[in-house]
Amino acid sequence: MQKSNFFKGLMACTAMVAVSESALASEWGSFDGVTIEAKLIGGQQYEGLYGRIADWEAATGAKVDIISKKSHFEIDKEIKSDMAAGTTDWCVGSNHSSFAPQYEGLYTDLNDLVPADVVAEFVQGNIGASTVGGELLMLPRAQFDVSVLYYLKSNYEDADKTAAFKAEYGYDLAVPETWEQVKDQSIFFADPPNFYGTQYAGKDEAIVGRFYEMVVAEGGNYLDETKKPIFNSDAGQRALQWFVDLYEAKAVPAGTTSYVWDDLGQGFASGTVALNLDWPGWAGFFNDPESSKAAGNVGVAVQPMGSVTRTGWSGHHGFSVTNDCANKEAAVSLVNFLTSEDSQLAESAGGSLPTRSAVWEANVAAAKAGDDAFRAEALAAFAEGAKYAFAVPPIPEWGESTNIVFPELQAAIVGDKTVKEALDDAAEAVDELMRESGYY
Amino acid sequence: MTRRRLPEWFVLLLPAIIVIAAVVLIPLLFSLYSSFTPYKLTRPSTLWKWVGTYNYEKILSDAKFWAAFGRTVLFLTIVLNLELLFGLGIALMMNKVTWGQRTLRTILMFPMMFSPILVGFQFKFIFNDNIGLVNNVLQSMGFNVALPWLVDAKLAMFSIMFAEIWMSTSVFAILILAGLFAMPRDPLEAAKVDGCTPWQSFRHITLPFLMPFIYIAMTIRSLDVARAYDIVQIMTGGGPARRTELLWTLMSRTGYVDARMGLANAMGYVSILLSILFTIYFFRKLSAARAELGMAG
Amino acid sequence: MDRNQSHRNRRRVLKTLHFTALFLTMMIICIPGLWIVLNSFRPTVEIMAKPPVWVPSFTLDHYRAMFAGAGEGGVPVFSYFRNSLIVSVTSTLIAILIGMSGGYAFARYRFKGKNGYFVGLMLFRAVPGVALSLPLFIVFAKVGIIDTHFGLILAYVAMNVPFTIWLTDGFFRQIPKELHEAAEIDGCTRWQAFWQVEFPVARSGVASAAIFAFLTSWNEFALASQLTRSVGSKTMPVGLLDFTAEFTINWGGMCALAVLMIVPALILTFIVQKHLIAGLTFGGVKG
């Protein structure tokens, strides 16, 4: 313990020396002959940024060795395996706000290594979600995720439909403002198996996240301050009932409980789903005639309200530096570079959402000035939606709790259990988990 | 003067023993040990805390575990039997073909080229209820339905079994076909002369001769039944609502996502035991069938 | 006359039935696989179309994208292919050598506890990959052979040795002892006698063991996903996951890589399938 404190202090000193020196050398420092080993998330959406690594190498004289590049869940598995085997002397790792609390002791506190004024340039909500137990575990990259409502515009331009809807439900057909309206309209639009009103993620963490945001929208919460599960409250039951009602009315595809993000995105792109709460990464895809039948017909609006508030379950990707890294200044320099304003501008040009305030403003301004009306509409919706964003509880047990909860949610949706039974069973099991973990 | 030398047979077996010890035995001992600890991947220090049989008690008293266990046994039983039945049928049909058999045999082996994980992705898309091939075909034929193949309890089990059977029936068919090729013609001719019906000669001559081949196929398959894990993990992940949860999907979720390796390894031992039981069962059948054939021939 | 007629009719019906059944079976076997091949040549919007598009259009986009640079949808196909090839071929060769030596020991020597050794070796093959992957990873990590060809080859050799022993054991047993005894009288050492007399007879058995071993290594995923990490060692099944991101799957691209994965296996199997049947016929049964 003492030794590691001493080590930390030493590192901090070296970092300070390095910072003052680097100001002279170049913006990113000079690390001739240093090799930084990195484990990065792979996939088309994320790899554009890695093209910029060459610039950092040129500026600093260091080399980056990407020792692993894997998809989201695979890299999570790999990092956990590394922690188990003690092979954690690589330096930079891709991280995600939902996963970060699980890697206890793996990543270093960046508050010591990154100047406070740099940290202040990020969106503070994102910094908050990157902080666990007071330690800043990662710097966010321009991959911020919160969901807004995508919809097919043609459904609201048909006079017959508008009249029929008004006659049946007693209010005007318009892009929905509340989840109640989403339910009405979904049931109204649905014509299974050719056309569905909406759809939702049906398994894994995905459905728990969707349920979580509905619970919050209804005025409840997932855990209380002592980390005790309270999602089986009335608000929780109302939230789950919404999913069940849609399923029973066949307003969602029958397979929706086996869907995760790719199925949902492809479903909406096939032009057979009216309303779709989905992530920013899809915006370009949905409006691209090469990939989507709905192209040209896609509208984007801020996410609807529950009976209490709008909410947005959110998460973001970032980069972390390990405690065992041999050359932390170099590693931090790389992380700083990959999350810098220039990097974020470049990455968010691909359609993802930034995590720096200045880049948000620049993007919104550019979209307004540009001739891409769809991009402007989407960006405005996301900028509004981001205001309601919240991150999942920063505890290592979050992931495990979702594995307990999702089969119960599914059981209620497909009718094996009632809403109350399912939520009570899930809450009981999560309660046991929290007790075992020593929260109370 | 002469040093005592190792027996020759042992020297010959030694490389095999070393490799297997290094790759299988040592890790297995490690996981056996860790199944008596509250080992969490993300907290390596938990490896040194001994909790005795806590993990085993926990899973053995867990209804979800037993449900997965029962489902796995059911899955294996149905799948292995159907694969055998289809394999036998295909082999008999192929044996009757007089031309193009080489090509047909290659086609037959087609599914063996597919990585289980690819089979998983493939059938996940084929059975997708909205844009999948099966529902598209049904709808084009005029049925206005979208069957939830991967959701409905029975259909989901059917779908993962179909994928598994598609992938593995070939092994049975090929082995049984090999048996048919090796079969002497004389007894069949004799039976024909004696006026046996085709069914009688199949039942009393062909089938007994094929039995050892069938058990070989069964043994080979029982050795790597756990390959089905890749398929099920991709297609349904054990869901929805644990309707297709098998031991392997439960174990990998507990071990990797929840990072509770101690608990997962305890489940692992139960699944290893299950595999071993299946294998020993078929080995004994095989030995018996071999002995019988030895007597007959 | 009448009886002959009905007999002939029945035969015709049976023949038609046989043909139909065979045709349907082949369809079921082929269609899911061909579906992958077909989709690798279709634009994404068409693969995902609803209502479905039955007349496919043709595009090489997925292949073009796959070979493009990183960030444009490219994956390092050549590296994956090379890794898969190195690992599968080497591990197959080693497994065959080790397995043959083991099979020979079981077939030619009498020793105590022979059956125990035999079943024991087999049982190690029965350990599910998913139960083995993490402990194996930890052991390999301690030794420092994670993310190397060597580590993966070692794992696959261990996976394939038991089956090879089993198959070659059966083969060597049916070769009469007199054969190598005669050779030894002619002045061969036992080693020479093995390669000149016994090995050629057992060749088709070895070939069938080799094809099984190769296909197992070529397609294995559970261990490879745990033991490989970088482009320098990832095999093709692991590479398939490059087409999945947090929220998306690039199905067309995945199909294109899958086709590249299937074709070599298909060619190889076509070449050796004659040996495969012959090998299985003798190896497993007569032992």
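Every chain is named by a letter (A, B and C) in the order it is written, and numbering of its residues begins at 1.
Here is the rule we use: a residue touches a chain if its C-beta (ideal position, glycine included) is under 8 Å from a C-beta of that chain, and two chains touch if they have at least 3 such contacts.
Remember, predicted model here, so these are calculated numbers, not experimental data.
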Farthest chain relative to chain B (centres taken as mean CA coordinates)
A
Look at the interfaces B-C and A-B and say which one is made up of more C-beta pairs in contact.
B-C
Just the number, please: Cα centre separation of chain A and chain C in whole Å.
39
Taking each chain's centre as the mean of its CA atoms, how far is chain B from chain C in angstrom?
15
Chain A and chain B, separation of their C-alpha mean positions in angstrom:
38
At least two partner chains per residue is the criterion; list those residues in chain B.
41, 130-131, 139, 256, 261
The positions of chain C in contact with two or more other chains are 48-51, 134, 138, 249, 251
Residue numbers in chain A touching 2 or more other chains?
77, 81, 84, 86, 266, 270, 272
Using the touch definition from the top, list the residues of chain C that touch chain A in their complex.
43-45, 48-51, 70-73, 134, 137-138, 141-142, 146-147, 225-226, 229-231, 241-242, 244-251
Complex contact set, residues of chain B against chain A:
41-44, 128-131, 135, 139, 144-152, 156, 236-237, 239-242, 245, 253, 256-261
Can you check the complex and tell me which residues of chain B touch chain C?
7-10, 12-13, 15-16, 19-20, 22-28, 30-31, 34, 41, 89-90, 93-94, 96-97, 102, 104-118, 121-123, 125-126, 130-131, 133, 136, 139-140, 166, 170, 174-175, 177-179, 181-182, 212-213, 216, 219-220, 222-224, 226-227, 229-230, 248, 251-252, 255-256, 261, 264-265, 268-269, 271-272, 275-276, 278-280, 283, 290, 293
Footprint of chain B on chain C - complex, ascending:
18, 21-22, 25-26, 28-30, 32-33, 35-36, 48-52, 54, 97-99, 101-102, 104-106, 108-109, 111, 117, 119, 121-132, 134-136, 138-139, 154-155, 157-159, 161-163, 165, 215-216, 218-222, 236-237, 240, 249, 251, 254, 258, 261-262, 265-266, 269-270, 273-274, 276-278, 280-282, 284-285, 287
Okay, in this complex, where on chain A does chain C touch?
39, 41-48, 50-51, 66-72, 74, 77-78, 81-82, 84-87, 194, 261-262, 265-266, 269-272, 279, 281-282, 285, 289-293
